[in-house]
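The same chain A turns up in both complexes below, where it pairs with chain B and then with chain C.
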Partner chain A sequence: MTSKSHAGDKMEILITGFGGQGIVLAGQIVGKAASLIDHKESTLTQSYGPEARGGYCSAQVIISDKFIHFPYVRRPDILVCMSQGGYDKYAAMIKETSILIVDQNLVNPGDIPADRCFAIPATRMAEEMGRKMMANIVMVGFFTAITQAVSLDAARSTVSGSVPRGTEALNLAAFDKGYDFGLATLKGRRKKAEGKKGTVDEKP
Partner chain B sequence: MDKLKIILFICNWGPHAAYQALQDCGADLPLDVRMIRIPCTGSMSKSLLFRAFELGADGVALLGCEPGSCRYGSGTKVAERNVEDTRGILDLLGLGGDRLRSAMFLPEESDALLMFLKDFHQVIQTMGESPVTPFPREAALPIGKEAAARVMTRHDIFACQDCGKCSSACPVTLSGKSFSPRAMASAIIAGNTESPQVVKDVWSCLTCGLCRDRCPSAVDFPEFIRDMRCLQKGAGKEGCEAHEGFFQSFMRAMTSPDLKIRHWEWLPSDIRTDAASKILFFGGCAPYFDTYFRAHLGIRTRDILVDGLRLLNFFDIHPTLLDGERCCGHDLLWSGDRENFLRLARLNVAAITEKGIEEVVTACPECYRTLAHDYPEQGIPVNFKVTHLFDLAEKEISKGAIAFEKLDRTLTFQDPCRLSRLAGRPELPRKLIERLNPQKFTEMRDRGASALCCGNCAWTGCDSFSKALQVKRLRQAKETGSNLLLTACPKCQIHLRCAMEDPFIGKEIEMEMMDLTSVLARTIRWE
Partner chain C sequence: MKPAVLTGEHFMTGDVACAEGALAAGCLFFGGYPITPATEIAEHMASRLPDVCGTFVQMEDEIAAMASILGASCAGVKSMTATSGPGFSLIMENLGLGICTETPCVVVNVQRAGPSTGLPTLGAQGDMMQARWGSHGHYEIIALAPASPQELFYTTITAFNLSETYRIPVLVMTDEVTGHLSERVVIPEAGAIKLRHRPAPKGRKDRFKAFQPGPNGVAPMAIAGDGYGIHVTGLTHDERGYPGMNVETQIEMMHRLTQKIRNNLDDIIRTESYRLEDAEIVIVSYGISARSSLAAVDEARAQGIKAGLFRLITVWPFPEQQIQKLAEKVRGFVTVEINLGQIHLEVQRCAGSRVPAVLVGHPGGAVITPEQIVDTLKTAF
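For the complex of A and B:
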């Protein structure tokens, strides 16, 4: 689940969703965190134009230790979907080792094996925090915890530098919410793999 | 070595005759043994047996008649049960159950009696003096005008508008007792701090805080009552302790600093703790309650502690425990014994501080309130954070990836007064209940900040009116059609279970109870 385990020194990330969900901003945050703070190479291309006005828009991020010669994503190592349309269009591109991250209330990930699919109710969490528009930041937090594609410090400081002034604290709280959810998800899977489902076997 | 203090409670009938025979023939009786003749060993309650230890006895022997020769029929049996339970308490306190012994003798068995006394004396001599050192009581003085005025001012009792909202809500008044919070307030303002009616009223209050919730002037009635009780105790007035003051008695015994309490020895081995942890799990008095009520109610409130620890382990928190954990002092403070409360508080805070604890977690609403609120308020500063287990669980669960297994029960919930009203947080347990996966959850008619009390508080004021209140509450629980009553305080379970023992309507109001902590721990799963 770490960046090394499946991507060697280059990682192709595709973030998709509806226009207006902040997909491009999420891509910007990931790319900026990787290049400006983690000191790796990174590129961002975004789709705008007719397709962005349909059910999906996308941000393509590449993070690499070496120079990047081609800025488009061919086979994403990490596919993040915040809309069903985005999933339907790009799911066919993923590899056997790719990780799929979805908003569980917006995307039905079909027959992707459960161990490679990570789901979070990002939009609902953002709604509970009072601003639905922060769903992308919750997702970036979750993404950071699950993939470790960027470091926690880099992601946090990029979030606070990328959101409108005055909303930094709220957005960081949203980020942490997603990040904690990601850690808890990983922990839960680890525990289950160890055969520890609950505390005791007896039922009241 | 100083003289040992060994007390012999001896039944008037069988063993006393044997004892007299020994005295008549000038037998070599151990000098440290003091004999007290009693009518029957069955009349020695647990509180009387324990009281001797509270006052510094090194050993106590209860000598009765052989079973079958008891003049009153069941005396010997009752005595054996009382002795066993009290020995359990002595073990938990680290005093050693062997300091209390029971034996039976026929009138002609004087040789056997002498052997017993010598042996017991030997045992106590080996165990040494009791580490319990009673503090001398201060002389009782009438309640001073200034002291009373200070209490009234502190809680702004003068703000009472005499509107009667308190009486119309008070569960004690509504269960038929002639008791009125505002009438008492008026009487105390008028200066009648020691009139028999005021003394009675001060001990009738359950300090459940419903009146505080309803009072338009926000008079903090429970705390006012608490301080009035302290004043009255200081003036030598009798309290109204239930179980003959047994609980207050063992809590006072815990104020001896040399006591090597063994609070956690019974803990199951699968619980993981870490002595170096900065998080402490503060259990509370549940092991004592279970021991005391073992033969009576058969409750298992210590399960709450085990399940609380299991829940922490589930979250990968391995807390440390205080082996010599003492009572938080809640019941002493709320039954008017501030002096001994402060002693317990100082010992607890010193022990916790010495361990370098940063956060204390507890599943008991009384411990939570007392550690977090009353310690600092009563002048014992704490340098650690106090967290209710529910807060911690809510925080951990909201991180996600945790689900609850289906629970094939229909639930309702009894609010603990210390959390739902005095701390003003009725929503906290409900957030967790909402996360559970039961067949159904139905609230009772009176709920949240308006919930009815479980009937008693701080082991005081148990009478037929409080029983009526408990029956009323259980009927409300039954009314919801639920089959499992969730509680969040060990005492709610004890008090409501006691009401279910009613020989006439017990069956009608009987209901299974379980602490929310236990339900959480037993159904929580990684998703």
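For the complex of A and C:
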């Protein structure tokens, strides 16, 4: 274990949902992409046991430039919720600067300010592609676009290497769908912000 | 077919890294019984051992698992088992046989919360004293406690090396959290991994004494079937391996079994220091709790408390000289472990009456948070 360096800036990510949604695989893809392709330090801890198979499930990923001492999320910088239960359990943990990402058809994000909340119909998009089980991959694509916690290349190649053989193309299409939705969301927000700025400037 | 050493960068769990470490060390036999949270080690060995023409046997229980790895080792093959919770209790019976017959092998315990069935899926560090004294009789043992998947890889190799050098079962005392934590694991080229082998016998086969110590206190080991005509028994035995039902033989054998460890502490004991140079309060910890402690050291220092970490990689034999030395210059010790005070007792013993030693413990099922440790650092001294 390298414990020479003091802990540096790090990003704490908490992904939550039901067991069976592929929450742990989503965490694994993010952690692996950060570690092996982006060459950062990363840790993944996950729900383990009966609760991970049907009930509430979570994956915790920490990404840092330096060796990560404590591998558990304490105040998530990014909270991803694919079930209302996950949101209800963890919304209180987030900071003022945290980003919330939700599946908009499964989670009601309460009173989280709109500018810090990003929503995607990930499960519906996966259903439209014919495989509901790819909702997690759509979400990883959306997550990658919104947070840039991992690079696009790292995320895509890790998705490709992490899904069952023969399903790579389909999963990459799911990833791209989420990623493009994320880019469009960001573009929309920028335009809105610019528009607002414009209005302010016009005021005397 | 993959090679024994999977050179490259991987993102893997501690359990898988442990299995890969065993393969890199040349392990060719795994006998075990699946049990959460050690099952992944057995699973991975079952899938990987055929790659190296090794053998995987699922035994009927952990008593048999331990017996099987001793048998494989006597036949000249590096062998291991992995278990947890109640399985570790069953290991204890034949662990004693391995110690008494001086049979090299590796036992991994991915600790979960007990006693009894306890919390099968949740981590703890409650078996540390069982590792030291769990089998009957008095003996020395080697136990290592890695703190990351990368270290689990290397520590498992070290465990095999020490078991070969000292002809003793070596325990890898990891925990559920480290076993299931995924992190980058860098596996070096096969040539860069230094492997040790049990001392081989020399000279005439008919004059060979199976338990006559060599220069470092360890007897060369004949392989069953090589024609040395050896007798291996759990009864008290002399240098030839013959049972001797008398006090003199017992004294002589116990001297051999204990001195080979006690006289080689420098080779066996591994520790690591973090920000210890000017530390006034020293945290003593191991395994996953050492990771909580690393974070606590930084957080305490940011609040003006001069804390440092003395991390045990070798827990048994206990690094008592190092702790005694630290006790001469620090204000206090804090032992951090997921039990209600086991290694803490050793730290207290070594600190003596010079400085206070307190515990940050936990009954099991969760990791200790850095905040809990910092709170104690603030209030206890």
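In this section, the second predicted complex is superposed on the first by the 181 of 204 C-alpha atoms of A that agree within 3 Å, B and C clash if a C-alpha of one lies under 4 Å from a C-alpha of the other, contacts with A are read in each partner's own complex, and residues count from 1 in each chain.
Simple rule for what comes next: contacts are C-beta pairs under 8 Å (C-beta built on N, C-alpha and C of every residue); 3 or more make two chains touch, one makes a residue touch a chain.
What you see is a predicted model, and the numbers here were worked out from it, not measured in a lab.
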item: Touching partner for A:L36 - first (chain B), second (chain C), both, neither; value: second
item: Touched partner set for A:T167, first chain B, second chain C, both or neither; value: neither
item: Partner chain in contact with A:Q46 - chain B first, chain C second, else both or neither; value: second
item: Chain B versus chain C as contact partner of A:Y72, first or second or both or neither; value: second
item: Chain B versus chain C as contact partner of A:Q104, first or second or both or neither; value: neither
item: Partner chain(s) touched by A:S151 [first = chain B, second = chain C, both, neither]; value: neither
item: Parts of chain A lying in touch with chain B, wherever the complex brings them together; value: 120, 180-181, 183-185, 187-189, 191-192, 196-200, 202-204
item: Of chain B, residues touching chain A in the complex; value: 307, 310-311, 313-314, 316, 396, 399-402, 405, 407, 409, 484, 514, 518-519, 521-527
item: For the chain A and chain C complex, residues of the former touching the latter; value: 1, 3, 6-7, 28, 31-32, 35-36, 41-46, 48-50, 69-72, 74
item: Contact footprint of chain A on chain C as seen in their complex; value: 9-11, 36-37, 120-122, 146-148, 150-151, 176-177, 180-184, 272, 274, 291-292, 294-295, 298, 309, 311, 367, 369-370
